[in-house]
């Protein structure tokens, strides 16, 4: 049974990172009703920006700066793409985010080349003994930091004025604007926040794997499985399903077969969608058929 | 009152006829004069035309966004490669297209109760799953190293080894697909699909069989995509799972969005512009990926109706300018 | 009554499709293999996932070196680069067609086997020999898809397996081995052969752990290696580097032997992770420069001319072999050049000794490259490799 | 009157709730064939919800029969199969289709409207299309919307959109017709045309449920009038005496001066 605990922890740590990316997608969906296919590539961008900064400054400063840069990148995407396409159908907006994903991937290939690169960890190296089995230090930090971030976001959305306004915007855009909610300003903020979350994901995931410009898409596919199960509007639901999927993937790979590692999240998602076509959480636009 | 509308039917047929003749002439010119490189690029163009027409019917006309294009094309290609071992190439073609259509129907039936957004995501999963299953199905797909040499489709009219001949057959197949696409676009069925796309509940309350129409649109998409997979195998003589990755779904999307919807001409233009782009972009070297992403963005933001939309707006603008003074314009009446 | 022109819309389609034809016709008049130069078409990756593999520098330097020494019987070598752009067979075939349209004397092939297989059939009609830089056995002349126009400068799957199993049995004297590999086709073939060879040498294979080429978390594969006294690691650079990192992170220190897939992966690992690791490669001037003066001369020249650029001995040697083939065929291209290439025996190049065997493969002695501390040193040479079956 | 006609539409004790809010608290009404029943009431009284419940677009409880056959609630599209059609408060027309094409989509003749027919059975599809276009033109003429025949939905005027939607519904030769505020935004001549049209339809045996606020229209064309308030039936009867009913006046018009207007 010596493999169970490490696999479980590996599942928790990847699940935690995917929860960060998933919450970014939920934020964008809350604010603008659109699905952001480029969220995975924002994570890749975050990892490469962090890599570039580590060369010039101590790791923690690099982490901080990366989060700020990605915050502005998220806001810029909202201004350049989402504002002009506001009244287009949701699918066209989703397709536009593909354009962003392609541009980020190609930009990174030009800037950093396509060879995989390793990223120094800002949160410790090597392994530490927990319950007798050596576990990577980084994954323990990842789980801890993600928990803190989610607690912070929960507080932001439940108790602060900004949080209430964002939730009002998500509930009913027109009415919220009528009540004086500064929709465009808030949009910029929520997109920026989703960029910052992606940056954190990049900083935490980067050192534990090798980063390459093309890795964004496989991450977003996994995250979509979690978002579909957790529902597009509930941060908690999405975070929980991301972690569950992360652990399920590791255990299935360990104990069933590793040839289908990438397929497990989809199999779980498809099985669930066939049972409940609108996802587990509160159904949003329930298409009545 | 014999309505003037009947005449547009005949006029549209002549437009289709002349369009197809032009299309075939271009194919013949390429087959006669082109060298190996041009024939290969033109074969890929023919494959892309068929893919784009199929995708534009399911996405631009019926509003269903499907990412499984790469998976379905792979099913068509590997199906054809396998069938061709046991039967003549032409029958293998029909069998592969039929198999892919059934696969497409099964996919859509399984996900019929999903809303469009969830179906788009589910189709990403299905596309990924088909690819993973094919990679592990050694006997069909030859694993990661692929399958070949695959016999070419010749209908007995050309020599299977001869590049130009195999290309011409692929071009003819794409011409048939364009003709079928044009008929589909001008049909009452395509009109009903528009209602399924934009006025879903209204169509339902008017008794339109929404689910049947969506299934049919997806089956047509699967058939065209399967045919494209077969043509890719036939003209390429060698296929591996690496040919069918997510970038194929993106490329088809850019073609349909760039070309514009509503007429079969849209996807044809999209394919004609996007296929040679990477070849032309070789000069741009490492910047070609960037150009792709940014083209998609610009087209979506600036040209929501694509090239066709631009052309229609230009014609409306030109007609308003060039109408000779003194001609009485009857409101809405065609001259 | 103004008749609306029904075909107006279709003029647009005709114009854009003619654009396609014109873009192609430009290639009709490509330069043929004119007499005063030897034209080599090199299929390389300037964009896409394998971009920036440094091949262009190695090829250019080889041509410059030969031309500086008077070329081949006075004829200069000219290399033209064709960007493949991605991993799909269609891209490989299109790039090859573009190269063949310029009527080269010889081609230097892509490094992805599926792409090589996609255009092998074109070579006999074009009468252009290909120096193949991929590992799959299918492209050998004797194979169903192969034809006599292909020569291999790279390692071959079965020989690599034989070399690795001999290192495990003879050098490391391992008794309990775990084999890990990514599920891409080349690694799977090497894995099968390694397992067969090890069993023949009475070495117990405890476990075989596989993972998908694009896996982003390999804890499972890393943990499977616990308890082995030596590990074989085969596969793509990214997962390979990741697995070793996770093995060390989970406290597993056993020695590891890589196949060349690790070349790029090694850059991802810190020097401490690399303790007790080695790689087997067919041509590795970086490691053999200590013992081989020819490799030393090349390495010094290359690192001074292209500091920090990626050394790829295969491409450099391929150009040298084509030049030697031309000398053997007295400057004649086509079938004569093919015979010239097949006649090469005991050619002293930067990869050591190259001689074409019946399968027209050039390299038979594989090098064991120790990677400890991130520096490459020669850990021995495995010679007399015939391929296990 | 020949054999007693089965009722066009029979609604029994229909309840609809959204979360805690009860939009309909059990409403019953019948629309006999060949009659026009008016349905009115202040805004938010549940008029449109009732139509949505009958057409199955909203989850509802209770019993509904169209042409005597029971209708499965909460399943859209079922009512249409039994010859029931409805229009919308804001007319819904497809922007890219012309008037004729919009009307054709409402036609019940499904021949030639499948992918295979469009490519393989072109003769039959062509014939069916000509029939549909002929009926569509007739329907457009009948509602006075022929001018919009060749105009695409995006450039149609509000009035044209209303008439095209009406034609789309009529071309299906419905047995039960639910009109949701058809007179909104029409000028007087258009209202009189609408009145004669509804009268003709009733004469042809169609059961019409007319939801509107225009009291003059309701009084002149409806045989009976039902008044709803907060999801319940306040009163039902002949149009003339319904307005004299004090609870209706109080709910509708507030305290009335003695002149009764």
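Order of writing sets the chain letters: A, B, C and D. Residues in each chain are counted from 1.
Simple rule for what comes next: a contact is a pair of C-beta atoms (placed from the backbone, for glycine too) under 8 Å apart; a residue touches a chain by one contact, two chains touch by 3 or more.
All values derive from a computational prediction rather than experimental measurement.
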Label of the chain whose CA centroid is most distant from the centroid of chain D: C
Comparison of B-C and A-B by number of C-beta pairs in contact, larger one: B-C
Rounded Å distance between chain B and chain C, as computed from the means of their C-alpha atoms: 36
Rounded Å distance, chain C centre to chain D centre (Cα mean): 73
Centre-of-Cα separation between chain B and chain A, whole angstrom: 33
Rounded Å distance, chain A centre to chain D centre (Cα mean): 48
Shared-contact residues (touching 2 or more other chains) in chain C: 47-48, 51, 183
Multi-partner residues of chain D (at least 2 other chains): 57, 76
Two or more partner chains touched - positions in chain A: 109, 259, 262, 289
Residue ranges of chain B in contact with chain D within the complex: 1, 3, 5-6, 9, 180, 183-184, 187-192, 194-195, 198-199, 201-210, 216-217, 219-220, 262, 331-334
For the chain A and chain B complex, residues of the former touching the latter: 35, 81, 84-85, 88-92, 94-96, 98-107, 109-110, 217, 221, 224-225, 227-228, 232, 259-260, 262-263, 266-267, 269-270, 273-274, 277-279, 285-287, 289
Complex interface listing, chain B residues touching chain C: 11-12, 14-15, 18-19, 22-23, 26, 29-30, 33-42, 44-45, 135, 143-146, 148-149, 232, 236-240, 242-243, 245, 247, 263, 265, 268-269, 272-273, 275-276, 278-280, 282, 285-286, 288-289, 307, 311, 315, 334-335
Contacting residues of chain A [partner chain C, same complex]: 2-3, 6-7, 10, 14, 109, 113-118, 126-127, 134-136, 138, 205, 208-210, 212, 214-215, 218-219, 250, 253-254, 258-259, 261-262
Chain B contact footprint on chain C (complex, rising order): 1-2, 4, 6-10, 12-14, 16-21, 23-25, 27-28, 30, 46-48, 51, 83, 85-90, 93-94, 97-98, 100-101, 112-114, 117-118, 121-122, 136, 138, 145, 183-186, 188
